[in-house]
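There are two complexes below, and they share chain A, which is joined by chain B in the first and by chain C in the second.
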Partner chain A sequence: MQLSGNKHIPASIDKAYTLLTDPEVLTRTMPGLKRLTPISEGAYAADLEMGVAAIKGKYQGTMRIEDASPPHSYRLVLDGQGPGGFVSVNMSVEFVSDGDEASVSYQGEAQVGGTIASMGQRMISGVANYLTNQFFQNVAKEAIQAKN
Partner chain B sequence: MTQVMGQAVKRHEDIRLIRGQGQYTDDMKLPGMVYAYIVRSPYAHARITEINTSRAASMPGVVAVFTGRDVKDEVGLIPTAWIPPDADLKVTPHSVLAYDEVRYQGDGVAVVIAETPYLAQDAALAVDVKYESLPVVTDPFEAQKDGAPQVHTDIPNNIAFHWKAGENLDEIFAGAEVVVKQHFRQQRLIPSAMEPRSALAQYHAAQGELTLWATTQNPHIHRLLMSGILGIPEHKLRVIAIDVGGAFGSKIACYPDEVIVSWASKKLNRPVKWTETRQENFQVTTHGRDHVQEVELAGTRDGQIQAIRVKTYANMGAYLSTAAPGVPTILFGLIVNGAYKIPHASSEVLGVLTHTTPVDAYRGAGRPEATFLVERMVDLYAGAVQMDPLKVREKNLIRHEDFPYTNAFGLQYDSGNYQETVSKALQIFDYPAFRREQETLRKQGKYIGVGFSTYVEMCGLGPSEVAGAVGFQGGLWESATVRVHPTGKVSVFTGASPHGQGEETTFAQIVAEELGIPVDDIEVIHGDTAQIAMGWGTYGSRTTAVGGAAIHMANEKILEKARKIAAHKLEVNEEDVTYDSGVFSVRGLPSKGVTFQEAALDAYLAWNLPPGMEPALEGTAFYNPKNFTYPFGAHIAVVSVDPETGDVKLLRYVAVDDVGRIINPMIVEGQIHGGLVQGIGQALWEGAEFDNQGQLVTGSFLDYTVPKARFFPKFETAHTETPSPHNPLGVKGVGETGAIASTPCIVNAVMDALRPFDIQDLPMPLTPQKVWQAIRQAQTKEPAESK
Partner chain C sequence: MYTAPFEYRRADTVEQAIGWLANDPENSKVLAGGHSLLPLMKLVLAQPQVLIDIGRITALKGIRIEGDDVQIGAFTTYREIVESPEVNEFCPLLAQAAQTVGDVQVRNRGTIGGSLCHADPQADMPAAVLALDAELLIEGPSGQRTQSIDGFFLAPFITSLAPGEILTAVKIPKLPAGAHTTYLKRPHPASGYPLVGVGIWLTVHDQVIDNGHIGITGIADLPFRARHLEDFLKGRLLDAATIAQAGPLAADDANLDDDPYKKNLLQVYVTRALSQFGESFAAKGLNGKS
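On to the complex of A and B.
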């Protein structure tokens, strides 16, 4: 499944980059992300709990930030296994200034396997969109809070 | 004598099945029984780097958790039981639970056994398995190329077997006036029986005996194979298949799941039951079809077919399932000439392994794949020589006077009158009127089409000598015991194992007719290796042709003995005794008689039997057929295609089938309907899809379309009856004909409707999207060309 999109965060690219790579912020903003435990430079063990029908359940995996080039770009590599199967995400994230906001583009691929793939095929891209939107809304809120 | 054979006797089994009083494996409950749930790989290809069962094992209600390493040294591998000779077949090592590498999404890696099925399923989620994903290949054509990901390391290019039959046709094709070439994709199908698979094992430690209730089409084959896998001798192993809710070939195979519960029951000394979820049924129960076919047909300009050449890449899945190698070879490759007198033919088949669910028999098993390609080729050839497809068929069909006909591969078609089925179909369907209507509608921008399919299939499997010669690791004869009780009531024991086909009724009709007793006095018992000496099960439309013939032979033995008893009682010579409507009487003296029931009682009392005669009245027979049987027919489909949406509507379906002598016309009709629905389903709706990572993306009924009743018009069926000359009952077989004939018939009809758009072929299923895209492409192409 291809993942791509563009979102605006009301902050400078430096601030947006910091927010999107800060494990504490991510734990607050990423839907279902319960815990990020550092395991090495730029790598975390991740615990997720999903409440959306097709992918409901607890997932465990790793999240890595690779090719980091602050505040312009990085690559996000996610691997998770759970009751519904597995999810692997590999996507590049880019930050470009757009007035006083940061324009964040992401592009990559998600591989989904197991029950999720077989049963949830029709729901996956909808669910992915829903979660992505929720995530960026949360990050935007954090950005506004940080400003105030 | 009252006629019972040929009557639409209502199905005896329906009395319990319709009331919900059937006895399926999952209905069984035994004291102390525990439940298994199998942990399956979400990856299509991966190395197992770690399995941690401790979290699952400590959960409430969990009795045990086992992994592949716990089981592997205690049971054998899952065998392949059809090894076609001269095909360089390489057996795929198939462990009951994978312990190093998983090879398709659904490969089992661990089993959790708990006090309830729900606790087992919950605990299965807590089995921590770490996988390292490996490259995947799902397409058979891609998989046999150099450098493709390997499914089994020691099977190069994933070629599990390479089978050939027929002659070199290079010269014939080089010199032919017309050569038609086409590439077909026989898509993969998911059998989707109403009852999922289930197995319940109970080990009796004191006797060292194991009883296995299982959803199987062939309990004796299961006993034989399981005995080898489990190391429990056959006489200590009992396999029972009581009611089985449909199978269509998917319950032939010996599966790991049945072995796991059997082994676990012995290990835990408790009954262990496993029933698959619908999702597992999609994922791990064998699939069907899945061929890439390259076909060439040579003929003259005036419509005489001279040769057919077929190269097939058959997707076998990740492991060679029990009967799988026989399906795309013997049951397919030897009959690609179909119902036509094609003097030269050749078949070449590569059995290719991929990271997908294993493939095995599915209704028709090989013969639908063969019939499809030849029936489509005949239409394409008709187009190439600008002849009517029906005329080409009539010109090339094997003629009545040619029987018995030996085809280019040496199969001897037993009997037939193919022209008669065509004539009968054309009595129902006014072909010239249809062509006129089609022309009129085309002018209005409406598109209807007609498709023909004239088919033959080989069934009634089969002569055991041939079974041996073609590498089937078993016999194909059948057994019957007809046991007359002292009151004249009868129990019939058959080695066939019907699971929806209605033989509890059909077989009772054979006995009622031949013994001259009421059909209600007869009970047919099947599916229990402890009650039935031996048998080879139900598949390949063999049950009535082979199992029924065995019953006929057993009946003859009973009548012979009962006649002697009656003659003795009537104090006349045996030759002077006639038998009619259940009464033995003296020729020319009808008032003096002995009923069948009286003879039975005498046989059991044994107070006054003819000198030297043994007591009791029972006949056992083993029937080994001389040949296969060859049903045939002519089908016609009429469809409309909506050019705006690509939607195909089936308007009419005419099926004229000759399945040999008909014992129960209602059951025959039901079998034909069922077959048609599945065959048409393949043409229009069904298709299993894997993504490039080997994930089955059609893993539920939301994404895999099985036909619904409302998709169909009322089928118009008729019959001719050409008895099989070598079968004592004259019967042939009907279980698969509908699924064999209908798929190409529908595709031919859709292509006929699309003729104005110059569309030659489309891959199945012909979904609205595919048809709409093809029409759109054709429409956008036209103006470009006219410029």
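On to the complex of A and C.
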């Protein structure tokens, strides 16, 4: 499944990059992400609780930030496993200044397997889009708070 | 397939159910007909620790007229909707959609509340309740609220219902007298769920459409109202030329991922649904007063 999109964060690219790679900010902003525990440089063990309406479950996995080139780009590699199956995501994230704001583009692929995949790709991508939008809205709020 | 272990509780009142939910809203689930929740639990996609059965709460059952509305308890089954004289008189579209859901067993057990709260983008009822401008009555720890059906569905399987809240009833304004209704679906050959489902009501005078709403399910991420199409239809003759122009407009309000198959399927089903009205008027002498 392809994942791609472009969002604006009301902050400089330096600030936006810092927000999006800070484990504390991520646990506050990413829906369902409960904990990120550092395991090595740029790598974290992640605990997620998915609570999408009827679909509930605890997922464990890892998150890695690779090819980091602050404040321009990095690659985000996520692997998760839980009762409903597995999810792995590999996407590149790019930051470009756009006036006072940072334009953040992401592009990559998500693989989903196990019973969760039987829900159909369209459902999953609908949920993924919704969660991504929530995530970026939360990050934008953090960026505004950080300014004030 | 077995579910993860859970505790089962049967509530006698809405207050009791809300009280139990409030103990641990994140890990508790309301159980209605169980026709969506239990399969998910068997697939271990859902692992609630507490199930709160609302099937014995009398306040959540039944259909009655309240002024200009038909009020349907959340724990009212598809079958009760199909057979209800009130529904068939004042909002037949709801019965037409309910009639197409699953098989007899599903219609005997599945509830309107369960269908809406589950928010499967391929469920049938959302097309009808959207077209009918339903209002949802919701109760939670901080009291009651009403929510228009517009804005209830946020994403597939996600609604504006907070974890501690219960849907108690669906309020449907009576349709204008003489409104024509239809629900047309293309069932998935294996599951029976709609690949596309089109729910329409129209009022027509002297073959001119004065008003109408169209709800569409199954084909996009979310069920939606085809508002562009509704605006286009108002004031036009309900004839072959209008229907031909109308078909493609339904896609204006939906995200179909630029998929030509979906676009075509939607257009074909909207055209067919509108043509059914054309045919029924032709049979009745085109006066639109059936």
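FYI, the second predicted complex is superposed on the first by the 142 of 148 C-alpha atoms of A that agree within 3 Å, B and C clash if a C-alpha of one lies under 4 Å from a C-alpha of the other, contacts with A are read in each partner's own complex, and residues count from 1 in each chain.
Criterion: contacts are C-beta pairs under 8 Å (C-beta built on N, C-alpha and C of every residue); 3 or more make two chains touch, one makes a residue touch a chain.
Because the structure is a prediction, the values reported are computed rather than measured.
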*For A:Gly57, select first, second, both or neither according to whether it touches chain B, chain C, the two together, or no partner.*
both
*First (chain B), second (chain C), both or neither: which does A:Gly99 touch?*
neither
*May I ask you to decide whether A:Val127 touches chain B, chain C, both, or neither, giving the answer as first, second, both or neither?*
second
*asked:* Applying the document's definition of touch, where does A:Phe86 land relative to chain B and chain C: first, second, both, or neither?
replied: first
*Would you sort A:Gln111 into first (chain B), second (chain C), both or neither based on which partner it touches?*
first
*Partner contacting more residues of chain A (chain B vs chain C)*: C
*Can you list the residues of chain A that meet both chain B and chain C?*
57, 83, 115, 118-119, 122
_Residues of chain A that touch chain B when the two form their complex_ = 57, 81, 83, 85-86, 88, 111-115, 117-119, 121-122
*Residues of chain B that touch chain A when the two form their complex*: 42-44, 105, 125, 129, 131, 133, 279, 282-283, 691, 693, 695-700, 702-703
*In the complex, go through chain C and note every residue touching chain A.*
4, 26-27, 29, 36-37, 40, 43-48, 117-119, 121, 154-159, 163, 221-222, 257
*Contact set on chain A toward chain C in their complex*: 49, 51-57, 83-84, 115-116, 118-119, 122-123, 125-127, 129-130
